[in-house]
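Next come the structures, one after another.
Consider the two complexes below, in which subunit A is the common component and subunit B and subunit C are the respective partners.
On to the complex of A and B.
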């Protein structure tokens, strides 16, 4: 009897280690919605997928660079990261004393984030997927029309240095996902599908609504303003850029 | 345990030796020739001056100038490992384009608005490059619509647009490969309907080592700067 008990405890222990390593994910049930800037401004349909509950942390990323040295600060190649990649770290494999292991990893490029997810057998979410999950508040899957929801997001935009907080410090949303708003901005796989950059003015398919922030402020709801900020940030990024308030999380297709 | 160690050592040694071998072969390819061709097609293994006209011998390309060094730098697009299909149905990685100055543009063949003009810009640039440099430049058109732009479709497009020569390469990638490549070029694109994309219009010039040297943004803009850069890049 005792041996069975020990075995059970052992298995439980191993299991918990395993789930710890493989960061927790939840199922996001697919559906349709109209994003701020979608295809033809029409409904976008999302297939079911699994999403990391939390953004990737310093600790997790540290383990990653130890396993894949080519992503260490001094070894990462310049095509994939800019100069500020992991700038706050003490060394290639050491966090700085003021960095908490459980704070979200930031100062990582799109290439690094993408590679991280792929190494876990996952991928980065698309803009549409990310926005789909992020439009939920604590209780409803689409809270975009709620004043409180938008005020929370906008108040975060004003708060400095939220990237120093630890994961799970903001609200848990309808899908049981934490920290989509309030901690860090997050990379998406197709962030470069947003045509709100300087050069797109010369493009043919310009949408004049994209260029004027004040138009968004005057819009009937705050919802557009909060989302507009995210789309604008994405539009301004290049894939090798790293920022200290830009992290990421991974997703996986539902099989 | 020990024999395994020995075998490992031996193995690494063999790998090292075989690497060194390859390098030696590549340097052997360097050839110099009198720019005036005083002695016809005669080539020399070392730099120097021509015995007839005393002009400095010039490094010549055979078959193309820059197949010399084996490695490439941190900033080279040859670091990308994604796989691509050419219009001839051959599977390649970008590394295989090494050696020539590369001029990249991203298009899709069902495009009615900007792409024909981008393609025209490319042809325009190509026609202004001096003919003696032609074999050192490769014009690469990458499709942002890998689903519809199959190698066959690309081949057909090449023929329709008189771009079927050796200097033109068309590439079909995977969805993520294309996304990644667009990110390297800082090209933005989005599918807005099953057959339509909006995308930025950028022509990018890379040197033979795959490092970015110039980008031209916009449609029908003055090509002069781009052409100048291509010529400079080939000459370097």
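On to the complex of A and C.
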């Protein structure tokens, strides 16, 4: 009886957390996909998981640093964040007047993002998980060969200051997830696992798996160009780096 | 006697030895620039095109501090057309860097926090892997520093080499770095910085609005714009580069590409000296020099006569239809000995006849049809004349080329005075005129057309593009001709 009561309280408690603090998540049904750098033989299988519908917002992150003061701007350990960490904020616990509560949080490091997710009982997505969800457009789970899909991504590179937009301002994709493209870059747990040295032309020789696709002039070129940018930005990062155009969202395993 | 022979032998062989030694020493000093001693530190002066920093003169090799910022920013490709440029230092091409051989360049590359993408820099003047690209790969909101020693004198391209490399270059991420030899390049009066690039936009040439980069066209090498210094008109009209008669002008000309090779030519000038491909070999008396994508050339010439000299990529459709056109305005006294200019009494009147030789059967036809044709026929024939004779400058829709050739469409100048317009076709026109509120100062040569052809083409122009529908008769043409 006691255990049942405890369980009930526990469930209630978890539920209340969900409704109060937790941002909305959706189930992403697992499957196989071929990454940008792969061939048919290199299919990657993804287990089912839950993903945040939106990137983490300024408001949510503000609540986080209030609860965990060690991640406030002046208190964060310098090993874990660079000098631009939360740079646009007015103070440790105040947003600036030009920052909207519902805009994505940016200028956070990988360490900070990782800890944020862990404190919510979640984790950062892997590159493969992120790419798996992000290859969808409004209607198809894998739209990477569509011209419109790639043009949307490429056009984002030319739009200045999209980090000022609010969450949900881009399209809702097949999985009912918003803003994977068109708002900000997002951290992944293993962002450095695909090594791009910075000398991209050299990489052509050393990492044929990654770049064989780009050498061919064919229909997939546009898709590769759109995706290359993400791999390039990930390759340029270090875990303590923060950027105005880089935010994150969390995921959770499906039990 | 024997002694003497031995003495001579010894003397000769010692001479040989000395010679050998001397030659070896010379070779050493020429080759090994890695050991040039560095004295002091200075901040590099960086300039936006078309200007270049002051010459190095005879300063010793130094540690040279270069700070360059990467900015992704919107700019104007041509009137009404915007483009999102990616730039080194805020300009296309990027800031000009001037060094001398032996300098140790400490290069800091900063990527502005507002930028979306990581970038890096590959300087062709660098001896080292990736030309610095590996060491300078930098995320937005960060900076990286690396240093290199300039070993070879010459004019070198630098560019971004981040994947996708072609796109970074196509968006304007290139510029020039000059390594002067010890003692500097020979002194000249004027120096300018010009760099060609080809651009690929989603809309066709001239389509208004913010135009995104078009990957497909870039792969197909189907450029919409080929321009000097990043935009149409960067070197024309008020932006033209200038010199005075008698001065020597040196142009540092680069080609960022990404795809097209430039056939660089200055109309009405001959390059006295060309540093071929930006290197140490000097070619003399050159009309057109080839500048490969990712390459450069240093050209110099003395300007002997005043006037406007047009800089073009002599793959000429790029100049007149895609924007690869600049101007050098030279002021000063005329030098009739070198160039006479237009002499009034020298004007040739087409009815003189000898040049208008046509096959016999055509001649008869001309004679028969001297009376005016129906309007529709005149317009049809006139259009043919237009496409053969006028199209290259005034363009298909009579829109002209901004700052170079005035429009004929809805042209106030044209509609104001029919006789004047006929006169220009017959006799040519030089000097400043104002058309639709904009000033033009170009040359139109007199056209060798028959009276009928002039009447046809003028009627076609007046009945097109919103003009006042005048029907120009053959008699009117004759009248203008004889009144002159």
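Here is the rule we use: the second predicted complex is superposed on the first by the 211 of 255 C-alpha atoms of A that agree within 3 Å, B and C clash if a C-alpha of one lies under 4 Å from a C-alpha of the other, contacts with A are read in each partner's own complex, and residues count from 1 in each chain.
As a working rule, a residue touches a chain if its C-beta (ideal position, glycine included) is under 8 Å from a C-beta of that chain, and two chains touch if they have at least 3 such contacts.
Given the structure is predicted, the values throughout are model-derived calculations rather than measurements.
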Chain touching more of subunit A, residue-wise (subunit B, subunit C): C
First, second, both or neither for A:77, with subunit B first and subunit C second: first
Partner chain(s) touched by A:58 [first = subunit B, second = subunit C, both, neither]: neither
Contacts of A:110 with subunit B and subunit C, given as first, second, both or neither: first
First (subunit B), second (subunit C), both or neither touched by A:190: first
Touched partner set for A:235, first subunit B, second subunit C, both or neither: both
Shared contact residues on subunit A - subunit B and subunit C: 197, 199-200, 202-203, 235
Complex contact set, residues of subunit A against subunit B: 39-40, 77-80, 110-111, 114, 189-190, 192-195, 197, 199-200, 202-205, 235, 238-240
Footprint of subunit C on subunit A - complex, ascending: 82, 84, 87, 107, 151, 154-158, 160-161, 185, 196-203, 214, 217, 221-222, 224-225, 228-229, 231-233, 235-237, 241-245
Subunit B residues touching subunit A - in the complex, by the definition given at the top: 73-77, 79-80, 113-114, 176, 179-180, 182-184, 186-193, 198-202, 217-219
Interfacial residue positions of subunit C with respect to subunit A in the complex: 72-74, 84, 113-118, 120, 129-130, 133-142, 161-165, 167, 210, 212-213, 215-216, 219
